[in-house]
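Shared between the two complexes below is chain A, which has chain B as its partner in the first and chain C in the second.
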Partner chain A sequence: MADAAHLGVKGVSKRYGAATVLESIDLDMARGELVTLLGPSGCGKTTLLRVIAGLVRADTGTLSLAGRDVTRMPPYRRNVGVVFQSYALFPHLDVAGNVAFGLNLKRLPKAEIEAKVRRVLALVHLEALAERPIRALSGGQQQRVALARALAVEPSVVLFDEALSALDRKLREAMQVELRQLLTSIGATAVFVTHDQEEALTMSDRIAVMHRGRIDQLADPRTLYDRPATSFALSFVGQSFRLSGRVVASEPGLSVIDTAAGQLRAPKQFLTGSDVIVATRPEHAHLGHATLGPGDNSLAGTVSNVTFQGPRSLVEVRIGDAFLTVQMPGRSAAPPIGSEVTVGWPIAETLIFPAEGEP
Partner chain B sequence: MAGLTRERRTAYLLGLPAALITAALFLVPLALLFAVSFTGADGFSLSAYARLFGSEHYLWVIGNSLQLALITTLVTLVIAYPASFAIARAKGVWRSLLLGSLLLPLAASVIVKAFAWTILLRSTGIVNNTLIALGLIHEPIRMIFTETALVIGAVNVFLPFMILPIFAVVAQMDERLTEAAATLGAGPVAAFWRVTVPVTLPGVIAGIALVFSLTVSAYVVPTLLIGERYPTLPSTIAKAYLLTNEGSFGAAAGVVLLTIALAVVIVSSRLGKAPGAAR
Partner chain C sequence: MKTAALILSAVLAVAACVFLLAPLVVVVLASFSPTPVFDLPTTGASLRWYGRIANLEGFWPALGLSIEVAAVSTALALVVGTLAAIAAVRGALPYADAFAALLVSPLMMPGLVLGIALLQYFRAVGFDAPLAGLLVAHLIVTLPYVARTMIAGLSRFDFTLIDAALTLGCTWRQAIFKVMVPALAPSFLIAGLFAFLASFDNYPVSIFLTDVRTKTLPIKMLQYIEEAPDPTIAAVSSLILLGTIVLLIIADRAVGLSRMAGTSD
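Let's look at the complex of A and B:
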C-alpha cells in the first residue's frame, strides 16, 4: 500500500433528514500534508472533519487512515487528534494533566508519560505553566494546551475545528505562522476547518473549497487564487470583479461575451448563447487608454472614490452596477472623482464561469 | 474605618440590615440553644449530653437519623444522576416539561406530600388495590409505617434537591469534553469515569450536602410515614420540648443534629474544591 493516501476519503455522504450535508466527498491526503477545508457556515466542512474524527458516522463511503480502513472504527481507536473551537480542555485537570490524558489511557510507564508531556509542552512553549489550572490561562494559552494535548498521543492526523477563530486578530495571525512551522517541523498531517480565507492561504499546502456539501475545488493556494474552478471559489477567496453576460461568439480557446457594461473576451470556449459570469482579480486591472494593449479587455466607467494610502492610491471605478478597485502608484496623479475612465486588463487574466444557479 | 474606600463602606452599609437580622434571628438563638444544652439543675452541666450518648436508646435514635439520611441520599443520587443528563439533553418543550414536573411539587407543602403517601400506601390505598386487582397479591400488604414507606416518602420529597444542583452542572458541561476524551483514546466507560464524573462532581457534592442535611433534620416525613417505631433526632427534640418539657435535653439533641449537618456541609464543600483529584 505504498502509494495509498495517508488519509483517504472516498464517496462520503451524510444526510440529516431531508438535508444533505455531505455529498460524495473524495479527498486524498499525503503524509505530512496540510489541507484546509474552507467554506461558509453550513457548507459541511465541520461535518466532514467530524466524520474523519469518527464523531459522526457517514451514511455512505469509506475512510482510510495510515493504511487502515477506519470507516466503522469508533473515535477512540482511530488515533486522531482534534483541536476543538471551544478547546474542550478538561477543567478538573491542570495543564500537564490535560496533556497527559491520552498517554495515561495508553498505560505507558509514568516516567515516559512525564517526559513526553514535558517535550510536548516545550514544543508549544508552555513548560512553565505545567501545574496551572485551566481556568487560570488566557485564550491563547488554552489554545496551545489543546494543541499539545492533541499532539501528545502522536496522532495519525491532527484535525483543527475553527481552532484559531476564538483568538484576537493579532494573536491569530502570529499563531498561523507558528502553527504551520510547528506542524511542518514534526511532519504532522493536518486538516484545518475554517471560513477565514487568509488562514487557509497561510496554513495550507492544499485548500478544499466547500460549497453546499461538495468540494468545489481542491488545489494549492496559488492555483486556487489564479485559476478558481467555480464562481463560488472565485468569490470566496480573494477580491474579484464580476459581471454577468451572455456568450455571443466562441471558438476554441476564446469566448466573446456581451455584458451590460460592454463586450469582453475570455480565454476559454463556452457555448454560444450560454449565460456566464466574467471576472478578473482587481490587481490585473489598470486605468487609461494609453496602457491598453491588443490583448486587453476594456470597459468604460466612472471614478466613484479615490483613497490615497501613501505607497499607492485605490481608485474605485463604477462599471454598470459593479465596482472595481484599481491600484495606482501613490505618486502618479489619480483621476478626479466623477471623471470618465477606461479600465483594462489582459484577456489572459479573464476568468469565465457558467452563471450561478447551475450545479 | 478611615482606610476603607468609599465603595467598601457602602457595601458594608448595604449589608448591615441583613447582618442584624441574621444575628437576631439565628446567631442569638443558636447561642442560647448552645448555652441551654450545657445547663443542668445547678448551672453548667454535661448531663444532657451524658444522657444522649450514654443510653443505647438515644444512640439508636442518632443511628436512625443517620441511616435515613444516608439511604435517602444514596437513592436520590442514583435516580438524580441519569435524570439530570436526561433533562439537560432534552430539547425545547420536553425540557420545560421535565423541569416543571421537578419544580412544581416543591410548591406543595411537605405535610401535603407526606399525607398523600399515607393515603396511597394504606391497606385500602390505591397501591394495594392496584396490586390486588392485578392479582399480584391476595390481601393488602403493610406498607405504611414501614422503613420502605419512609424511604419512598423521603426520596420523593428530597429528590429535587439532588437533581437541581447536578442538572445545573451537567447543563453547563461542554459536550465536546467527552468527544475530546474519545479522540484521545477514551472508550465510553473511561470517558465517563475520567471526564464526566469528575466534571460533574461539584454538582453531586452539592446535592449530597443538601439532601443529607435536609433528611437528617426532617421531622414531618418520618413522623407521618413511620412514627414511633423509628424515632429520629428531630422527633426526639420535638418530644423533649412539647411533651416532657426537658429544654436542656432537647437543646443538646439540637446541637448534635446541627453538628452532623454542619459536618456534612463542610466536608463536602472541601471535597468540591479539591482540584486535580483525578490527575
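Let's look at the complex of A and C:
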C-alpha cells in the first residue's frame, strides 16, 4: 500500500509439484492502464491471471489492488472482473440475468440494478437481446455478454483470458479495436492474456512478454519492437533475422562479432569471447553495394526467392543457413533468383543478445 | 431400393411401438370392462373396478410404503450419487473410470441376485429392521440411475462457471447453490425421475426383503392377482400408468423428453 500502483504484483511465485510455473513476477499497473501478458503456451499467463483474480493462491509474493493488500483475500471480495475464454456464462439465466448476477449479490435496490444492467448492455450494444437465453446467442454476442457481466460490478481491474480467441479472425480484429475504445472510454484497468502478438500490439499500453514463468520484458509496444530485451522477446514479437556468433573485439558501445556468414558490428559492448545472437528487423535491410554506407553492416548472400506483390517485391536472401526477406519497391527491378547479392543494414539497428541458455 | 428400405424401417418401427404399447392398451381397456372377465369386443364401459381399488385389503398402506421408500431412497441417492459423481468426474481419483463403472454396476446385476445377496448379508450381520433394509436395498437400486445421469451431466458442466461466480462476488457455498445446482437442475430432475420410478416398481429386490407388514405395491399387486384375478388390478395399473405419464409430461416441459431418453443433449 506504500506504492501508488493501482495493481501491484510483487515477487509472485507459484509451483505445481516440481514445476515452477511462475517465478518472482513483478508487475505494477497504473489506474486505467491496459497491459497484455504475451507468451507461448504453458508460460504461465493463465496462472498469473488466476493469481490476480484470487482463484489460485500464490506460494510467495504480495498483491495489492486499488490501495488494498489482497494477497490473502478470497476472490469474492477482490472486486475483479474476469472474461473467461469459454465465457462461462450461466446457462440457466438469460442475458440480463447474467449481467445482473454480480449486482444481485450486492443486494442493490432492484431499480438500480435494472438501470445498471440496461446501461452496461447499451455499452456492448446488446440492449435488444436482454431477454434472450444464453444458448440462443452467437459467439460474438456471448463474448459481449461476458464482458458486460464483468463490467457491471465496476471492478477495480478487468482480466481477459484469451477472451477473443474463440471468435473468427474478422470479428476478432473488429472487437480488438472496439474493446480497446470501450475500456479506454470508461477508464478501466485491464490485463489481457494472449499468445497473439498482433492482438497484444493493438490492445495494450504495455506488453509483458512472458517466458517460462518469468516476465522477460515489460514495455510499450514500440520499445518492445525496437529494443527487445531478450532474444526471446525479439523472436516472439515481429519478424527478425538472426545469426549466432562470437564476440572477437569490443570497446564501449561497440562489439565486433564473427558469424559463419561474415563479420558484424553491434552498438553494445559485450565481453570478448562470449557467444551471442546478432539480429535485425527485416525492414532495416537493403540490397546492393551502392546503398552501403560507413555505418552499415553488410553480408553476402544468394537470392533464393522473389515475390512480386504490386506495390513491393519481397526478395528472400539466403545468408549462411538463415534467410532474410528484404522489401523493395515494386517498380525497381528485383535481382534474379540465384544471383549473388550484398545485404546491408545500419549498425545502429543491429541487436545483440547473449546466446540462449544464458541469463 | 432406398425408399423401400426406408418404408421397411418405418413399418418395423411402427410394429415395435404397437408391440410395446399393446399390453398397456389391453390393461387400460380391461380396467373399464363391465364384467369380471375381460372379453373383446367389450359390451360397454364401467368404472366399477376403479371404485373397488380403495377397498382392496392393504392397498393404501402398500401404496404409502412404496411412495415413501421411493421418495426417501431417491432423495438419498440424489445426494450420495451426486457426490460420488463429482468424485468420479473431478476428484482426480486413481482409477476414476473403474470407480464410475462400479457406481453404475448394480444396473447390470440381476435384481434377484442383489435381493438374495442382501437378504443373506442382512441375516449374517444380524440386521433385522425390514423398513431400513428395504431402504438400503432401494438406495442400491436407485444409486446407479443417479450416478449415471449425474456423471453425464457433470462431465458437460463447465467448472469455470464456479470461478466466474466467485469473481462476481459469490462465496463458495453461494457458487454451488446459485450456479452449479441450477445449471445441473435438468440432470437432477432426470436422475430423480428415473430413480423414483426404478424404486417404485421394483419387484425382484423387494420380494426378498419384505415381511408381512412391509409390503410394497408391486408385491401386493402380484398377491391380488393370485388371489382374485379381476380387473381391479388393471385399474390400479392404469392409474400408475396415468401417474407416470403426468410425471413425464412435467419433466418434458421442464427439460425435454429427447434429453431424458439420451437421444440428444
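Everything below uses one rule, namely that the second predicted complex is superposed on the first by the 356 of 359 C-alpha atoms of A that agree within 3 Å, B and C clash if a C-alpha of one lies under 4 Å from a C-alpha of the other, contacts with A are read in each partner's own complex, and residues count from 1 in each chain.
Here is the rule we go by: a residue touches a chain if its C-beta (ideal position, glycine included) is under 8 Å from a C-beta of that chain, and two chains touch if they have at least 3 such contacts.
No experiment lies behind these values; they were computed from the predicted model shown.
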Original post:
Clash or fit: how do chain B and chain C relate after the overlay on chain A?
Top reply: clash
**OP:** Name the contact category of A:L182: first (chain B only), second (chain C only), both, or neither.
**Re:** neither
Subject >> First, second, both or neither for A:V80, with chain B first and chain C second >> reply: both
Original post:
What is the contact status of A:P133 with respect to chain B (first) and chain C (second): first, second, both, or neither?
Top reply: first
**OP:** Answer with first, second, both or neither: which of chain B and chain C does A:L314 touch in the superposed model?
**Re:** neither
Subject >> Partner chain(s) touched by A:A322 [first = chain B, second = chain C, both, neither] >> reply: neither
**OP:** Based on the superposed arrangement, let me know which partner A:G97 touches: chain B (first), chain C (second), both, or neither?
**Re:** first
**OP:** Considering only the touch criterion stated at the top, classify A:L105 as touching first (chain B), second (chain C), both, or neither.
**Re:** both
Original post:
Across the two complexes, what residues of chain A are contacted by chain B and by chain C?
Top reply: 53-55, 74-78, 80-82, 84, 86, 88-92, 101-102, 105-106, 149-150, 153
**OP:** Flag every residue of chain A that touches chain C in the complex, lowest number first.
**Re:** 50, 53-55, 74-78, 80-82, 84, 86, 88-92, 101-102, 105-106, 149-150, 153
Subject >> chain B-facing residues of chain A, complex >> reply: 53-55, 74-82, 84, 86, 88-94, 97, 100-102, 105-106, 133, 149-150, 153
**OP:** Quick one: which bits of chain B touch chain A in the complex? Just the residue numbers, please.
**Re:** 174, 176-177, 179-187, 190-191, 194-195, 198-199, 201, 275-279
**OP:** Would you mind writing out the residues of chain C in touch with chain A in their complex?
**Re:** 158, 160-161, 163-171, 174, 179, 182-183, 185
